[in-house]
Amino acid sequence: MFQIEPIETRNLDEWPDDAFRSEVRQFLASHYPPELRFPPRRLHFSENKPWYIALAKAGWLTPGWPRQYGGLGLSAGKQLILIEEYERHGCARLNDMGMTMIGPLLIKHGSIAQQEFFLPKILSGAHIWAQGYSEPNAGSDLAALRCEAIADGADWIITGQKTWTTLANDANWIFLLVRTDKSGRKQEGISCFLVDMSLPGITVRPIINLELHDEFCEVFFDQVRVSDSCRVGELNQGWAIAKNLLGFERIYLGSPRQSEQALDRLKLLGERMNLTEDAFFIDRFTRLQLDLEDLKCLFSHFADQLRRGETLGADVSMLKLFQSELYQRITEAMMEFAGEFAGLLEPMGGNRELHPGGAFIAARPTSIYGGTNEIQRNILAKNVLDMPG
Amino acid sequence: MFQIEPIETRNLDEWPDDAFRSEVRQFLASHYPPELRFPPRRLHFSENKPWYIALAKAGWLTPGWPRQYGGLGLSAGKQLILIEEYERHGCARLNDMGMTMIGPLLIKHGSIAQQEFFLPKILSGAHIWAQGYSEPNAGSDLAALRCEAIADGADWIITGQKTWTTLANDANWIFLLVRTDKSGRKQEGISCFLVDMSLPGITVRPIINLELHDEFCEVFFDQVRVSDSCRVGELNQGWAIAKNLLGFERIYLGSPRQSEQALDRLKLLGERMNLTEDAFFIDRFTRLQLDLEDLKCLFSHFADQLRRGETLGADVSMLKLFQSELYQRITEAMMEFAGEFAGLLEPMGGNRELHPGGAFIAARPTSIYGGTNEIQRNILAKNVLDMPG
Amino acid sequence: MTESDLRLIRESAGGIAPRTGDLKRIRALRFTTHGFDPAIWRQICDLGWPGLALSEAQGGSALGMAAFCALAEELGAALVPEPLISAALAASGLPETHNAAHLAGTNLILPAWQEQPDSLARTWHCQCRDGRLNGRKCFVVQAAAASSFIVTTAQGLALVPAAGEGVQLSVEKTQDGGHFGTLDFTDAPAEPLSADHGLAIEEATLATAATLLGVADRAFAITLDYLKSRSQFGKPIGSFQALQHRMADLKIQLELTRASIAAAAHSYDQGGTEALRLAAISRAKARASDSALLITRQAIQLHGGIGYTDEADIGLYLRKAMVLANLYGSAASHRARFAALSKI
Amino acid sequence: MTESDLRLIRESAGGIAPRTGDLKRIRALRFTTHGFDPAIWRQICDLGWPGLALSEAQGGSALGMAAFCALAEELGAALVPEPLISAALAASGLPETHNAAHLAGTNLILPAWQEQPDSLARTWHCQCRDGRLNGRKCFVVQAAAASSFIVTTAQGLALVPAAGEGVQLSVEKTQDGGHFGTLDFTDAPAEPLSADHGLAIEEATLATAATLLGVADRAFAITLDYLKSRSQFGKPIGSFQALQHRMADLKIQLELTRASIAAAAHSYDQGGTEALRLAAISRAKARASDSALLITRQAIQLHGGIGYTDEADIGLYLRKAMVLANLYGSAASHRARFAALSKI
């Protein structure tokens, strides 16, 4: 069996929680670049590289990977502590597709050769991955995807388009879901490919989003030739692999962090607008605060399940639903209380924490990505409440 | 052509609006029984009979009927004034099925013999009508009704059950939708019958509602024999007749009256609870007040259409939707501000206008009757917004 | 309390408070003089429930609020009208001598503490001097059933027999079939007590939140069943997406309520500052009041016409929520207290 | 104004403010120095729009607020960035001599009246004594394009050239591609004017509400089209009931807004007490601000991912609503004013 020697020689998973937490804090204090704390938007690799490399050097880039693959081998409980501390410190989200999705996928479904080739390059930061799922006509309905790979001898020729590919402009490899068989049901005949983005025929076009930022891209494939060794998992069985990729991420999407930070900023805004003694502002603020506190209670409930080693059920969707809409409601309150400042393109007086319009816009996609909230409610109704049809 | 001499010899429809309004006010001042003003619930015929008879004697019972059938022949605009003044005065709603639905139906679809027999008895108050539409398994989905009439020579034998029959315990005649043919689509094979409630085989069972009041009934038909002369309209074409019965009522269902009265009572409650200087109460009250004011603007918009003689479109559903939910929200605010009084079964200190729990319960069915608000939203989406499927 | 301890408590509640089954017993007791069944009350006492969270020194079993809330939730789900929370509150202020009969169910003592509607003030205008009680108490739940009242006064607690001279009781029916009593004391002979309620009014508040959770939880379950079984337009109405999404939202409120109460009970049992404990209780009660009213009134809407009949059980849940929502403080007053406590 | 007069005004707006069609012109002007096209502005002036509601004595055509609101709504629907409302407000305080060039579009005078964020106070701290202006004005829409400013001061209106000494302008970009100016006056030479704005700030408020209505109306229409054309799971997403019901609710808000503004404009044109007119305007602006933000943000959600791109036009409507919602007073401040006025 293929193995990678972990850089972090200590088995941190065996440490007591408090000691581990304090170790993480020290690590952040000494390694995290202060200028990157609480970034206003998703950073590009060129911006967060110092942090990426620091983690890679310490062997901390892949906390969830087993130690035999060079990870920290942390349990869910320990990973939660890590996330809490990262969030508290205001750490930028990395170009983390390789760490959180591609690595675990290769560990589970990849060939030894694929593991040998790819895993070390994720650990070193040499490969930055993107994930090619969505297409213009396959958004919520991923099974409708049309980007296809046609066999040509031992190779495949890929043609089609992906969209909403996060930070594809930073990536040098992309994980692709493509159609390899058009005869069956929509969910069938999909396969997974690992594709070098420097191959001829690939074009990346950044999409400017509502924040006027190029976080997403369209990626076009015009007869891109890849070898069959770039295919991962069983042929035509890609749907099952892709569907199960989002494991730990499902609780992460419901983390109270965004709402908590936004509420802090609503408070700052209230102070700036001289509303701290205003009964209506206080009531509004308190309601949102109580929503946040109760969300934290519910989050803990699911985190406890993880800590006990249980698998999370579909009901974890509740966190994502409530968190994203709470976050949005907090920013809507900002808009209501910010007066004319609500319309400004840039932060008020250059203070990044006072940017009601920016926060309002930044909160919009949280109810769209990771499965729209409409889809999440369908899931709750069908998979949790067992409602018919 | 069959005619009835109107008791009201003046052609009130030709009067100027102001003069008409003042005439209505004088009529109410001198004819309306003061003890019946602003009743807390729907009254039985035994209770509202004095008012019923006063109207009948004046020839004012059927404002919308043409003058040749004994009505006042009022235009939509004049009828609106009448309703406004009735509402302002707090007039009880009568057992009005005969006046508002059965009469107009007979005028349009009835035979001369049916008109001769029934119309004068509605005008005199001798016949009190009920309307048998809903069944236990045909609520929102009226076309699913199963109560059936089987031909037996020149007669029909009716068997089945109706429910939610308003004040059937007061009525001596009932208008029935029954199935006369089971072979076609659900909407087909339905016919209309006029049935004497004293016939053998008919049982009325009052339903106690959440207000602990017997406003609705179940009506059971066990092989009730009626003559074919009691059938109205074309055989098997009853659906089309029934569907179009609700004309003027559609704007009436959206009248701001309920919300207006409830808001007045919320104000009284605020005074009783010493909240009139409470910033949060004021904000909450003001939001509801603005909703009411805007509803009135929208109501006027539709009323103007009626006054101009235009037919109302399906978009009039908006009034019913918003009004019923506003009314409910006002009573929900009452519950929030009433402290422990919210749980009382009877009014606070015997003051009928201070009864938050009663108002809260009374507001519940407004989003259910006359087509649930879910159905209304379907109608808006499909018939007004032309949305697919 | 571990999860399995709590499960045992819930299961033990099933004998008197079955989660499913008909509500004939509940209906039969509505609007009767006492509003509950004394025989069932004695059974409840035999099970030791009123003293579940009470200290052992006072004759209780000191199992804590997590346990008491689990029990209150079950009783809420079954709409049990017997006065568990009131009796537990009364017991907190009684010396062990008095508690013996009270906790055995032979002598029901009810707490009369409240003087103003929707007030979280814990200061009292009632006076007890020289063994004579004067003043007025209101919103005394199931007051007509009490043999004595334990009354909060400016001088501490006092015990007064319900049938004693100078004690006048008037009752008003409540939507759930019970009643509130208003007590007027005029030089009523009373026995001063040396103990006080401590934080027991807070405990009753949290247990009321748990009761509301039970009410909401069961109303939600009944509605979900109805949506799966009722057909219109040729399919179960639970297959309509608008209703599915509404149920999803109600489910979230339900689970937020559950998590909020569990966290408040846990932190209460763990100790911590009074401000933290009270803030958590206010948070839980505000959520429970709002979500129980929301869920029960949506339950009526989702039932359609049948939901508006007194025959349908769902209406009993709405009525219970109407009575409990503002008892021990409305959502608004608890939000205000939370805000005040969070400022410190 | 009859319905058909209003229809004519709306149709005439179509030349410059087409309801449909691409928004290339709008996009090209975003974040430019002036934020709008001076040539188009002159065309607008040629059509007499800035003076539409202005009295004839001041060079306007006195068609009233119903007409001006109909126009503002159309311009809102087309996201027209030219400063119609500001210019009309300025004109209200200018003598006819100055208005000639201003209304002709050769000399753009913009109003600088506001001193505090989100304030409906109509008293001013700026001072104009002996022809010298001192003080600060903020949130001056499209300020960089002005040749002069008409400034509210404690002593009445004053006219000051934008390039004059003692006038300092700083600008901040707004989400819609325009900008707000902050003006600092230090002994700036200024010409005192004898007229005042009268109720023109109120008229501008109502016209802003109408603009928001146009924004919301068009955003709704674009979204409805999208829901009918976009397919997922093998059917148009507009066939999903949850989305249908949401659109139904948005439609109601839209029509409430329309009715509220129409009623406010009608009653304004009919006269009546100032309190009644101001209350109606506050009511309309509160509704328009809330519903435009609601509808545009729901429009983004209903568009899904594509709605979050800058390429999609729907985002331009969100940004416009963000800027206009709190201009001339937020919903909250207008609700507060309505409450204060209704008390009287």
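For the reader, a short list of remarks on this structure follows.
The letters A, B, C and D name the chains in turn, as written, and every chain counts its residues from 1.
Keep this in mind: contacts are C-beta pairs under 8 Å (C-beta built on N, C-alpha and C of every residue); 3 or more make two chains touch, one makes a residue touch a chain.
Not measured: the values here are computed from a predicted model.
Counting C-beta pairs in contact, the pair that comes out ahead of the other among A-C and B-C is B-C. Farthest from chain D, judged by the mean position of CA atoms in each chain, is C.
Chain A and chain C have CA centres that are 43 Å apart. Taking each chain's centre as the mean of its C-alpha atoms, chain C lies 53 Å from chain D. One inter-chain figure worth recording: chain A and chain D are separated by 40 Å, centre to centre, where each centre is the mean of the chain's CA atoms. Residue positions of chain A touching 2 or more other chains: 280, 283, 374, 377.
Counting only residues that touch two or more partner chains, chain D has 240-242, 244-245. Every residue of chain A that touches chain D in the complex is listed here, in rising order: 134, 137, 139-141, 144, 163-164, 207-210, 212, 216, 273, 280, 328, 332, 335-346, 357, 360-361, 364-365, 367-369, 372-374, 377. Every residue of chain D that touches chain B in the complex is listed here, in rising order: 224, 227-228, 235-236, 238-239, 241, 244-245, 247-249, 251-252, 255-257, 259-260, 262-263, 283, 286-287, 335-336, 338-339, 342. On the side of chain C, the complex with chain D involves touching residues 240-242, 244-245. The touching residues of chain A, counted against chain B in their complex, run 278-280, 283. Residues 31, 114, 117-119, 138-139, 172-176, 180, 231-234, 240, 242-243, 293, 297, 300-301, 304-305, 307-311, 315, 318, 322-327, 330-332 of chain C are the ones that touch chain B when the two sit in their complex.
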